[in-house]
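Input: one structure, supplied below.
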Amino acid sequence: MDGEKKLSRNKNVLLCVISVLFLCILLFPLYWALITSLKTEQEIFQIPPTFYPHELNLKSYAAQIEMGDFNMFRSFANSFIISVGAMVIAVLLAVPASYGIAKYRFKGRKVMLLSFLVTQMLPVSVLLTPMFIMFKNMHVYNTWWAAVLADATIGIPFSVLILKNYFASIPKDLEEAAYLDGCNRFTAFARILIPIAKPGVMVCAIFSFLYAWGDLAYGMTFILDQERRPITAGIFNFMGQYGTKWSYLTAFAVVTIIPVALIFIFMQKYIVSGMTSGAVKG
Amino acid sequence: MKKKRMLALLVTLVMAVGLLVGCGAPKEEQDVGGGDTPDESGGAEAVTIWYYWETEGHQVALDKVIKDYNASQDKYEVTAKYVPFADFKKQLSIGASADELPDVAILDSPDHAAYVEMGIFEDLTGKFDVSNYYEGTVNSCTVDGKLYGVPFGANCLALYYNEDMLKAAECEVPSTWDELKTVAKALTKDNVTGLALCSVQNEEGTFNFTPWLWSTGATSYDIDNENGIRALTFIQDLVNEGVMSKECINWTQGDVMNQFISGNVAMMENGPWQIPTMQAEAPELNWKVTLLPKDSEYASVLGGENYAVIKGGNVEGALDFLTYSTSEAQVKYLMDKFGYISADKTIAEGQFEADSPYQPFVEELNYAMPRGPLADWPSVSDAISLAFNKVITGNATPEEAAAEAQATIDGIIK
Amino acid sequence: MVKRKKIFRYDNVGILFVLPAFLYMLVFVGYPIARNIILSFQDVDAGNLVRGAKNFVLFENYIGLFQDGVFRTSLLNTLCYTVLCLFFQFVIGFALALFFNQRFSFAKPIRGLLLIPWMIPITVTALMFRLLFATDIGVLNYILRSLHLIQENVEWLTTPGTALFALVFANVWIGIPFNMILISTGLTTIPKELYESASMDGANKAKTFWHITLPLLRPTIESVLILGFIYTFKVYDLVYVMTGGGPVNSTHMLSTYSYKLSFEMFKYSKGSAVANVLLVILLIVGVFYIRVTTKEEE
């Protein structure tokens, strides 16, 4: 037996309708950005505002293609590489760390936990200069590595704090059983615990990726060459260039959102089920 | 034994981390911003430039000059990097701390003194003849009698007006504040506001406010008096009477120009660099430029950029390039493409036809004064921009705002 | 015959799991923290950033801050902003997590789509909200007027009080998916058997929520709140793009003010001092969090 109560048909329909309503409200700003990008500047300034473009204007999208030395696709690739790199580092380091923090009672544990918190407390304004000096000395200034290493510092503490709860909720007897089967601490961790904590690991991976994806300050400061900069830097330049020419700006926003949204929609089966299934078996 | 194993593990882990961190140090050196390493192409020395112009026309023009220069000789290879304006000061600051700077920076003239104070600019006294340049432009890169830069080009602010709108409202072109207010009122109707000027709370806003301040006879450092208060009151009245939108505090100069060419604004304060864009984007629009209306005297503000050579970089190469780019032919080309006015008086006077829309700016330049030069100008500017933002938003009376700004400025100047 | 193995113990070996991440953070953030503390006790500005002596001035920068009106505003703003954001995004996120924890047909796909706001770079989000909150062309004013909730257009971003509200609104929008998904995942760690036995015992929904869901979710809730607090407290991009600290400095946060001091006005030491105030406040919250959580474990 599944153990799940099946919802009655009516209730199911009702909940579906409500959820669609939620979705519409929450995604309204996106809809607004989309239609604004398709309006003419005149229509944007029209009062009262129109809820769909009465006159379709694709000029703003054409402008994206012919834009100086800025290459949208390359910027995307840069963002993607940086985000994946930061994600890999964050997950590799944070997963064992969170397990150690959650389960073991060693000396200095509290201090370490606190230090994971502290390390993400500095505002970006004072991190930039010292990090810059470090990256320069490490000869990674103006490379993807600089942004990757910096972005990982956002993902690691976050992942540690989230994941430690997962590991804490896994009963000890599972590990003991593995131990009896001849595993040591490290193999028990790798073979038994990580698979159980999979939803947590997925969440951390996704969040680490997204933190890096949304980062502006690091990518802008540590990478000088346009050819290696992430897409967020492109948006920033674009803003400087077009001020509040809303059709252009929103078109740019839409173009940056679409690939992420697409990746997400196609992967969502894996992402969402990865995040929310695979609960701990008592 | 257990302890030993632990130790071994520890060492391995530390090494693993070291590797992870260390792997950021690849063997091949990356070609970075401030490189004075020889370039691969034929052993020419690299000279890097940072600039912040986001306008495509400006970038293309600068690139052309650089390309021509690179082709004209084979000792140096110049490359230019665009660093967004909002990021420019930060990047220079960080670069100064980390000793990672370009060889040449083209920077906003009011910031020049602060970087001189920082000690990152080369003393260029006697290396360039600037005797024929507008005084204000030279002053902006002079500290203690020494020249720390070369003016790239000059601009100033003047009043643009929509001729058709003025005609429709049967208005004359305003030349005093009173006339300006009357005309602006007459032009304000439906979705059109009479006047717009960028009032963002930063240097850009200060740039646009100072002409009004100075026109009363007040100076940037002496605001809390009848004159300073009159300037603030004038701006506040424009907003309160609805002839200037409060949104101006969020509009950059580019936004103001967009509002103007979209026909939402009948008159605007703006600079000559907008002209190429305006001509391209709104060729039908019928506009003209005139001197900024005056209170007690005509006044405008001097804008523009200066070249600066970075200490410790490729100074020889930088100087060589600057000699080329400040030669008459190059200056003429650049100024033309930029919509700037040459800092060199002789070039400026013959730069435009009599009926060119740029000509009023050349005239306006006679009344244009520089901001500063003062190492602490950013702090003074902050106090000024706070003052006019406060009166625009109705957060303070002109008297209060002036007194507050004065207190801050006195604290800076001492 | 059965070879007796030592029973699995959680001993000091655990430190090895933590060390790599710890060292990584130490290297990349430890140095900036140390440098920042030193800088805040010095008098570094444009004049002596590169050359010249850097003098120690003890607490002069800090004392100066507390006489600085903009600093006080930013401190107050940061606190208000954080508390408001945290409250709304947590409550709404929690409610949505519970809602989507029910097994109706659209639950999974729509919960997935609700994450999209979280994926948009904050720069873009800030832009979108600037458009929504614009005075004349903003759709929010239009909707509110159509509903007769307001008579005249509200000048959201050009009036001090409402600008902060607009920032909170935008941040809550970003934060809802964050809270929702973390709580959703937390919900998966609660064994279903507990609910089953509870329903057999005749417990109603409210009871199960208070007696099973909340207590078991407590570690997750604590983590979500502390992380939310930290990330909200040091907000930067959103404010920078949406209001830039204006109008009249009314929406400056500690982080944006620190940035402005350091990189726009060349007052590096003062900027560091502001950042350290931020750090100390977060540190207090952090210590409090550790004490609460470790007490539970013991």
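Letters A, B and C mark the chains in the order given here, with residues in each chain numbered from 1 onward.
The rule is short, and it goes like this: a contact is a pair of C-beta atoms (placed from the backbone, for glycine too) under 8 Å apart; a residue touches a chain by one contact, two chains touch by 3 or more.
What you see is a predicted model, and the numbers here were worked out from it, not measured in a lab.
Of all chains, the one whose mean C-alpha position sits at the greatest distance from that of subunit C is B. Taking A-C and B-C together, the chain pair joined by more C-beta contacts is A-C. The centroid of the Cα atoms in subunit B and the matching centroid in subunit C are 35 Å apart. Centre-to-centre separation of subunit A and subunit C, using mean CA positions: 15 Å.
Subunit C has residues 12-13, 16, 19-20, 24, 130, 136, 262-263 in contact with two or more other chains.
Counting partner chains per residue, subunit A shows two or more touched chains at residues 45, 47, 89, 129, 149, 236, 244.
Residues of subunit B found to touch two or more other chains are 20-21, 90, 93, 97, 191, 250. The touching residues of subunit A, when paired with subunit B in their complex, are 41-42, 45, 47, 68-69, 89, 128-129, 132-133, 135-136, 138-143, 145-146, 149, 220-221, 224-226, 236-237, 240-245. The residues of subunit C lying in touch with subunit B in their complex are 12-13, 16, 19-20, 23-24, 27, 46-47, 49-52, 130, 134-136, 155, 157-160, 244-250, 262-268.
On subunit C, the positions that touch subunit A within their shared complex are 5, 7-8, 10-22, 24-26, 28-33, 35-36, 39, 96, 99-100, 102-125, 127-132, 136-137, 139, 142, 173, 176, 181-182, 184-193, 196, 219-220, 223, 226-227, 230-231, 233-234, 236-237, 241, 254-255, 258-259, 262-263, 271-272, 275, 278-279, 282-283, 286-287, 289-290, 294, 297. Against subunit A, in their complex, subunit B makes its touches with residues 20-22, 24-26, 29-33, 54-56, 59, 81-87, 90-91, 93-94, 97-100, 191, 250-252, 254-255, 258, 262, 264. By the touch rule above, subunit A contacts subunit C in their complex via residues 3-7, 11-12, 15-16, 18-20, 22-23, 26-27, 29-30, 32-33, 36, 44-49, 89, 93-94, 96-97, 99-101, 103-110, 112-127, 129-131, 134, 149-150, 152-153, 156-158, 160-162, 164-166, 168-169, 172, 175-176, 178-180, 185, 188-189, 199-200, 203, 210, 213-214, 216-217, 231-232, 235-236, 239, 244, 246, 249-250, 253, 256-257, 260-261, 264-265, 268, 271-273, 275-282.
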